[in-house]
Amino acid sequence: MKPFIGAILAIFWKDLLAERRTREILGTMLVFALTVILVFVFAFDLSVEIRRKAAAGVIWVTLCFAGTISLNRSLTLERDREAINALLLAPVDRTAIFFGKALVNWVYLLITAAIIVPVYALLNNLSLFSWGGLGVILLGTLGYILTGTLLSTLTLQLRARDMLLPVLLFPVIIPLLLACVRASTILLQGGNPAELDTWLVMLVGYDLLFAAVGLLVFDRIIEE
Amino acid sequence: MKPEKTPRALIFLDFLALLALATAFALVIFYAPFELTMGSVQKVFYFHVAAGLAGMLGFFVATIAAVACLKTGSLKWDVAGLAGVEIGMVLMALCIVSGSIWARPVWNTWWTWDPRLTTALIMELIYAAYLLLRSGLDDARRRAKLAAVYAVVGFISVPLTFFSIRVFRTIHPVMIGSADSSANGLFAMNPSMQTTFFSSLAAFSILFIALYWHRYRLGNLQAEINERRAALQEEGE
Amino acid sequence: MILPQALPEETRRAMLNAVNLTRSFGNRQVLRGLSLTVEPAEIVSLVGINGAGKTTLLRVLANLLRPEQGMVRFGSYTPLNAPAEYRRHIGVVMHTSMLYDNLSARENLRFFSRLYQIADSDKRIRQVLEMVALNSRADELVRTFSRGMQQRLAIARALLHDPDLLLLDEPYTGLDQRSSELCEMLIRQAAADGKMVLLTTHDFNQAVAISTRVDLLHDGKISWSSPSAGLSGKSLRATFNELTVFSGSHKGHGVNT
């Protein structure tokens, strides 16, 4: 177990170190996310009331879009000099690669969320923070990243890989997205607390389920 | 090697499917009673439900085949999975279209975002993505493996999607007046309705088996052609 | 040839054994029942025309590719019963550097030493950097390295965890005279330490000069094998041409020498 955790952390720090130098992934994600928010506001010419009501939806959709950037890029990084082979050669269970990459992508997405949520709040003069909301963001982004890392590994071996990730990913995460949007909306505007519980249980279940799927099939996907 | 002929049983099955469909069609038109509140359009229901169930069966078979493919690594299971997905998509599309035709006069709209409709639509999207994934891969073995993984992931999310939309819709105020029992097909069936319903269900089941057999056979023949072509190329080198 | 008895540890005496390997890509069968044994202190040069499957074989031996049939064994470890242990004993250099461009040489090695759980890694990293003469550039980004330097760093990465088996896919590519002498010295040193080396090359003179044995990979099998002692680059070329170019198949494929 110790080498396994060690390998996950090694991959995590290695990616952060490279990212600190280039800032290409986080930078692109942030600029893109802010652009998407602007596009939403202009496209719908949202009135203050609608902007408040649509906050959860706009933020979650933005996160989903921005997330595909790091999901695609963090694995193509391994493809550049076929460093992925060096990872596969390491004497650890290869599932460590999955969790290491998922951890990096999760952190990127959380950083993006930590910036765009206050920005949306500021731009629209809303107060969006709540502890429950933080929990929903943590659980929701985790489920998204687990599924996304699994599927982006799958697209790694495709010809048109960057293109296909959203097509594969989005229909599968619809239940997750729905749970996130509903739970956030209830937290922001009030609503049935029992419904909130249902969504939280669903989020936890989704996260566990896809962590288990990753654990079971990642080996098979990554090896040729 | 002599060319393989279409098996007799399969030809028989084709005729049986045709006959069963014709019978079911005749029953729907001439035998099934005229539903009072919905009128003649209610008759779409028989084929609509049967197509939906057979479509689900296709996706289910595909998932079983995907798991088997991951376990055994045999390419036969890949062919079996693809057959299930393709037929499932066609039947599910039939189900969605016939449902819309029914919904137009009954619900006064072509489409509502109710759990069943939405899940059916998302399933079509998932399996369209499955086909796109396949087309991006050349190596048969790798294609089989990755497609199987996606089939499993996709199928896992289907019940989650259905459940989450149902929670969403039942607690959330319904936008269009579709909460009545007819939305769920729960209206009482009298015996002649039942006869018609089960005969169309049987017809679609036989149709499914016949189509599935054809598609599976076709897939295997395609694989064989590829093998022989490769063998020829090697000889020619 | 150095006798394996002279070697210290039990694992050093284990040999690499591949039996009846088959592997195809699409419809092209690359390996067709290939068997191969490499003993401690042996340096085996693997030659073969382009596309004969040399890289595929190396990838199968490195546990990067699953063979369709057959099995690979190193001592008591196989990729099936103990994949991690099996991989721990192997060091690999491929065509591509398998390094991270945006990390320095030292950071790259530090990352891999964490994956291999190397104790006292800083010391070991200095050692291998010394071995490939990269100490002075250790803290520069790999992005700025020339092809030859990247190749040397790739060799350092392969040696980092002191593997018993080295798999080198055209290790000389892109190396200048000095680097290639350095590389040769490292290979000889490894064999002197009782390690096994399997390398591929297109240069017949080099193939003979460095190795204790030359194997020819053709039609998916080791079709010819000879101790290097009685060979010369010229005689190897003659044999090679006879067995490959004029055997009726693969006509017209260029052979780079």
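Residue numbering begins at 1 within each chain, and the chains themselves are lettered A, B and C in the order written.
Here, a contact is a pair of C-beta atoms (placed from the backbone, for glycine too) under 8 Å apart; a residue touches a chain by one contact, two chains touch by 3 or more.
Source: prediction; values computed, not measured.
Novice: In how few steps can one go from subunit B to subunit C if every step must land on a touching chain?
Specialist: The least step count works out to 1.
Novice: Of the chains present, which has its C-alpha mean closest to the combined C-alpha mean?
Specialist: A
Novice: From the centre of subunit B, which other chain's Cα mean sits the farthest off?
Specialist: Looking at centroid distances, C is the chain farthest away.
Novice: In whole angstrom, how far does the Cα centroid of subunit B sit from the Cα centroid of subunit C?
Specialist: The computed centroid separation for subunit B versus subunit C comes out at 51 Å.
Novice: Roughly how far is subunit A from subunit B, going centre to centre by Cα mean, in whole Å?
Specialist: 32
Novice: On a C-alpha centroid basis, what's the spacing between subunit A and subunit C, in Å?
Specialist: So the centre of subunit A lies 39 Å away from the centre of subunit C.
Novice: Out of subunit B, which residues touch more than one other chain, so two or more?
Specialist: If we look for residues of subunit B contacting two or more partner chains, we find 138.
Novice: Could you pull out the residues of subunit C that touch at least 2 other chains?
Specialist: none
Novice: Where does subunit A touch two or more other chains at once, residue-wise?
Specialist: In subunit A, 224 touch at least two other chains.
Novice: Taking the touch rule as given, give the residues of subunit B at its contact with subunit A in the complex, in rising order.
Specialist: Touching subunit A from subunit B are residues 70, 122, 125-126, 129, 132-133, 136-138, 142, 145-146, 149-150, 152-154, 156-157, 160-161, 163-165, 167-168, 171.
Novice: Within the complex, which stretch of subunit A touches subunit B?
Specialist: So the residues of subunit A touching subunit B come out as 147, 150-151, 154-155, 157-161, 164, 167-168, 171-176, 178-179, 182, 192, 195, 198-199, 202, 206, 209, 213, 217, 220-221, 224.
Novice: Can you name the residues of subunit B that touch subunit C in the complex?
Specialist: 138-140, 226-227, 229-230, 233-234, 237
Novice: Can you name the residues of subunit A that touch subunit C in the complex?
Specialist: 3, 6-7, 9-10, 13-14, 17-18, 21-22, 77, 80-83, 85-93, 223-224
Novice: Using the touch rule from the top, collect the residues of subunit C that touch subunit A in their complex.
Specialist: For subunit C paired with subunit A, touching residues are 59, 62-66, 84-85, 87-88, 90, 92, 94, 96-103, 107, 111-112, 114-117, 141, 157.
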